[in-house]
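Next up: the structures, one after another.
You will see subunit A twice below: alongside subunit B first, and alongside subunit C after that.
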Partner chain A sequence: MDILYAIIPPRVLSQILVGLSRTTILFIVSSGLSLILGVLRIPNIAHGSLYMIGAFMAYSLSIFFGGGDLGFWMALIGAPLGVAIVSLVAERGLFQYLYEREHLMLLLLTFAFSLVFGDLVKIVWGTEYKSVPVPQMFQGFVNLFGGLPFPLYNLFLLIVGPIVAVALWFIVNKTKIGKIARAAAVDREMVGAVGINVSWVFAIVFVIGCLLAGLGGVLVAPTVSVTLGMDHTLIMEAFLIVIMGGLGNIWGALLGALIFGLAQSLGILIWSQFGIIFPYAAVIIVLLFRPTGLLRATW
Partner chain B sequence: MAQGRIRGKAQLSVYAGLIVLFLLPLILQRFYIYLLSTILLTGLLATSLNLVLGYGGKFQFHHAVFYGVGAYATALMLTKTSLSPWLSFIVGPLVSGFLSLVMGLICIRLSKLYFGMLQISLGSLVWIIVYRWYSFTGGDDGIHGIALPDIISSPNGAYYFTLIVTAACLFVMYMIIKSPFGSVLQGIRDNPIRSEMIGINVRRHQLLALVIAGFFAGVAGSLFVVVDNTVFPDMLFWTFSLEILIMCLLGGWFTFLGPMLGAAIIIALRTFVSTYTSYWALVLGILMVLVIFFLPNGVLGYIEEKIKKGFIEPVIEE
Partner chain C sequence: MLDVKGIHTYYGLSHILFDVSLTVSKGEVVGLLGRNGAGKSTTMRSIMGLTPPKEGSISFNGDNITGQKPYLLFRKGIGYVPDDRRVFADLSVDDNLEIVHNRKTDWNKERVYELFPALSEIKTRRAGNLSGGEQQMLTIARALMGSPELLLLDEPTEGLAPLIVRDLEEQILKLKDAGISILLSEQNVRSALKMISRAYVIDNGSIRFAGTVSELEANDEVKKKYLMV
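Right after this comes the complex of A and B.
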């Protein structure tokens, strides 16, 4: 272990771990965004609102089930499902009529939705800060690399991230719906012509994407204070990650989230007052050298 | 001939509107004068955005940055230097124009969504710097109580100043759009590849349009300092940029006065709605959904369509 510390000081190492747990949240949310962008071609600004709704639902569910471990697990299952239902209603009710519109219109439509969702959250949950307790079993610290205290909950996040990535890879590449969705992303009319109900395929993809936003919201809830406006910062970061990684590319989202998360956590070490500029600077540098993102974009 | 008749009427109504705007302070209360000033300067901001968006076809997603930077430059010069205050109203827009040039040089290679997103990224950088640099910009408090020259410090003075500057800027922008440069810009919007083929330097034209738009956004920012005597970092947050986009859409993309109308509708509505409820965003969101579904060309676009139909059809019958 001394060799490891000789190469990387413990302070840096712990920041890297913090950055990696942040990466998990960023990846989960932006992979959903990327999926929707890649298949449906909707730049969904309301994605951030669904993340916020997920966090607020996690709060309510965890209170409803007594606030303990049971509450957390129920929130982890229930809140993404709740977000999925909200998004299904929005998709079937409005979005499905607008797929043919130009991107700018879709962008503004989803922004309008984010305004509506924001105020609905205000109506339902009020304007006060909410906090979701860290479940009992994840409280406390674990000593990594012989003496580096690391919160157990963050370790849990580090395990969830890869699981979600693999599950998503499996759905997109190995299942029938994933294959149809990829085909529909390339040529919607042709897929419709062979007798597949493209409209419902799109709905399912949209709901899966939004479910990921909700999941991100639940997972982040115990680590931050749940509040109005948490959607605005996150959606911008998620968009930049998707652009940096390559539109519609799930692995690009992972790579982008890694760069963004690590630049954020290490940037604070370098320059605490303006540490937050580093991830944005990273995006700019990437786009200057690779104008369409790091990995191959789907469109 | 019908076209000429419409243009004549339009010109006449613009003059009439200007005269009415000049006389309004005689009858209106102070609050409404303030509201009108805000509408004028926000309308100028939206019109400057439409120059690149509607006429230039560039996805300018973060226009508020130039507005905010113009306002901050003016405010900082007014509070931190002892130079002539009038100079700051020129320096503000120039700083915005310069920032627009720098950001444009970086972004211009990218197209569509990528252009917009890189711009948002750069704009967020500027926002962070303004937000975090307490010692220079006042951080999230902003700068308040900015002292102005006597002649424009009263509400009426501020109003007349805003009106004259806005009218002059709109006139200049109108001339730009009607100039050969404006035609080339619209040609590039409709078919960039063909424009390149016939020997037009696409990027240079678009870059110039970006700089012009940034400059006028800076003018709007300086006017905001005059009307409100304050600046704050939310002026250059990205959500405000999308609100300006909404104004353009609501009024009508491809019309010159559409963004001004959109700004007027949204600001008047916001003032009206806010007296009854704190859920303004909800109202705006629903309004936007309705506009996108039923009025994709905006209010003025819709009216223009109707007028053109009404005028041109009889001519064909003759």
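Right after this comes the complex of A and C.
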């Protein structure tokens, strides 16, 4: 360990872990955005709203189940499902009629949706800050790297990230619906011409993507104050990550989230007052050299 | 089995097909011959519901299928092989076959691979990396996975080397022997004549000739004017 510390100081190591736990949230949300962008070709600005709704639902569910560990686990399962139902209604009720429209139109429509969702959240949950407690079992710190304390909950996030990535890899590459979605991303007309009801495939993909937004919202809830407007920052970051990684490429979203999250956490070490500019600078640098993103875009 | 009656098809505002009528009976291989841009592909797309006609009607096995969604037509037993191949480039050969909707089990992967042994050797390859001939086999194999009663083959030999064309002709004749009706569109008249029993000649979106192969062969005017042979 001492050799490791000589190369990378413990302070930096610990900050890398902080960055990676941020990456987890960013990856989960942006992979959903990228999935929808790649298969359905919808630049869904309302994706951030679904993340926010996920966080608010997590608050309500956690209160409903007594605020303890049970509340957290129920929120972790229930809130993404709640978001999935909201998105299914939106898709069947509206989006399914608009897939052939041009992107600018879809951009405006989903932007309008984000405003509507924002107001709905205000009506249902009010304007005060909400906080979701960190579950008992993840409270406290562990001492890592020469005794620097690291929050247990962040460690939990570091475990969830890879699980979601593997699950997503499995769905996309090994299941029939994933294979159909990959085919439809490139040629939806031909997928219809081999007997597949593309409309329902799109609905399922849309719901999976939105479910990921909801999951991101639940996971972030104990680490931030749940508030109106939390969707705006995130949707901007998520879009930058997706663009940086390659539009529609889920692994690009993973790579983009890694760069964004690490630039954020390490930037604070380098220049703490202006730490926030580092991830954006990283985006600019990446796009200067790879204007279409790091990995192959499906667009 | 297939009865197309007086269809008019448009791309946006431009009128492409004018009063096209044709029939395909059970077990028959019918040619739709014509030059590039004559309206062959549009006729195929109209039948498959990809570019539905604005006027006229199409019936299949006695059901009126005009304006029905392509995926429903596939499930009724119409297989479509587009002229520009359009394999699912991102998927493996095997997955290209696997995702197809199985309406019956007449055809399955084993039987398809038996017909196209070359494909079974490259099951795991990414479809986008295949040669033109392999992609063409794959699109036919893919359509067969739905156990079609009618196959719409849009210029299957286009752009392929003569040796591969000969293989493909043999395989198409095997499909005929298996009892599948085929509507085959071709520019390559010489190749088509080996497979078909009747032909329609299309030009500028209208049917100019309909008859048996021997009638077509005897008709020098049609051959010279529309087929350039």
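The working rule: the second predicted complex is superposed on the first by the 297 of 299 C-alpha atoms of A that agree within 3 Å, B and C clash if a C-alpha of one lies under 4 Å from a C-alpha of the other, contacts with A are read in each partner's own complex, and residues count from 1 in each chain.
Here is the rule we go by: a residue touches a chain if its C-beta (ideal position, glycine included) is under 8 Å from a C-beta of that chain, and two chains touch if they have at least 3 such contacts.
Small disclaimer: the values here were computed from a predicted structure and weren't measured.
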Is A:Val194 contacted by the first partner subunit B, the second partner subunit C, both or neither? second
Looking only at contacts as defined up top, I'd like to know whether subunit B or subunit C touches more of subunit A. B
First (subunit B), second (subunit C), both or neither: which does A:Ile16 touch? neither
In the superposed arrangement, does A:Ala183 touch subunit B (first), subunit C (second), both or neither? second
State whether A:Leu269 touches subunit B only (first), subunit C only (second), both chains, or neither. neither
Partner chain(s) touched by A:Gly118 [first = subunit B, second = subunit C, both, neither]: first
Both subunit B and subunit C touch subunit A; at which residues? none
In their complex, what parts of subunit B are in touch with subunit A? 59, 106, 109-110, 112-114, 117-118, 120-122, 124-125, 128-129, 132, 237-239, 242, 245-246, 249, 279, 281-282, 284-286, 288-289, 292-293, 296
Give the list of subunit A residues in touch with subunit B in this complex. 43, 45, 94, 97-98, 101, 103-105, 107-109, 111-116, 118-120, 122-123, 232, 236, 239-240, 243, 247, 273-274, 276-277, 280-281, 283-284, 287-288, 291-292
The residues of subunit C that touch subunit A in their complex are 48, 50, 69-71, 74-75, 80, 82, 86, 88-91, 95-96, 98-101, 103, 142-143, 145-146
Under the definition above, what is the set of subunit A residues touching subunit C in their complex? 176, 179-180, 182-183, 185-187, 189-198
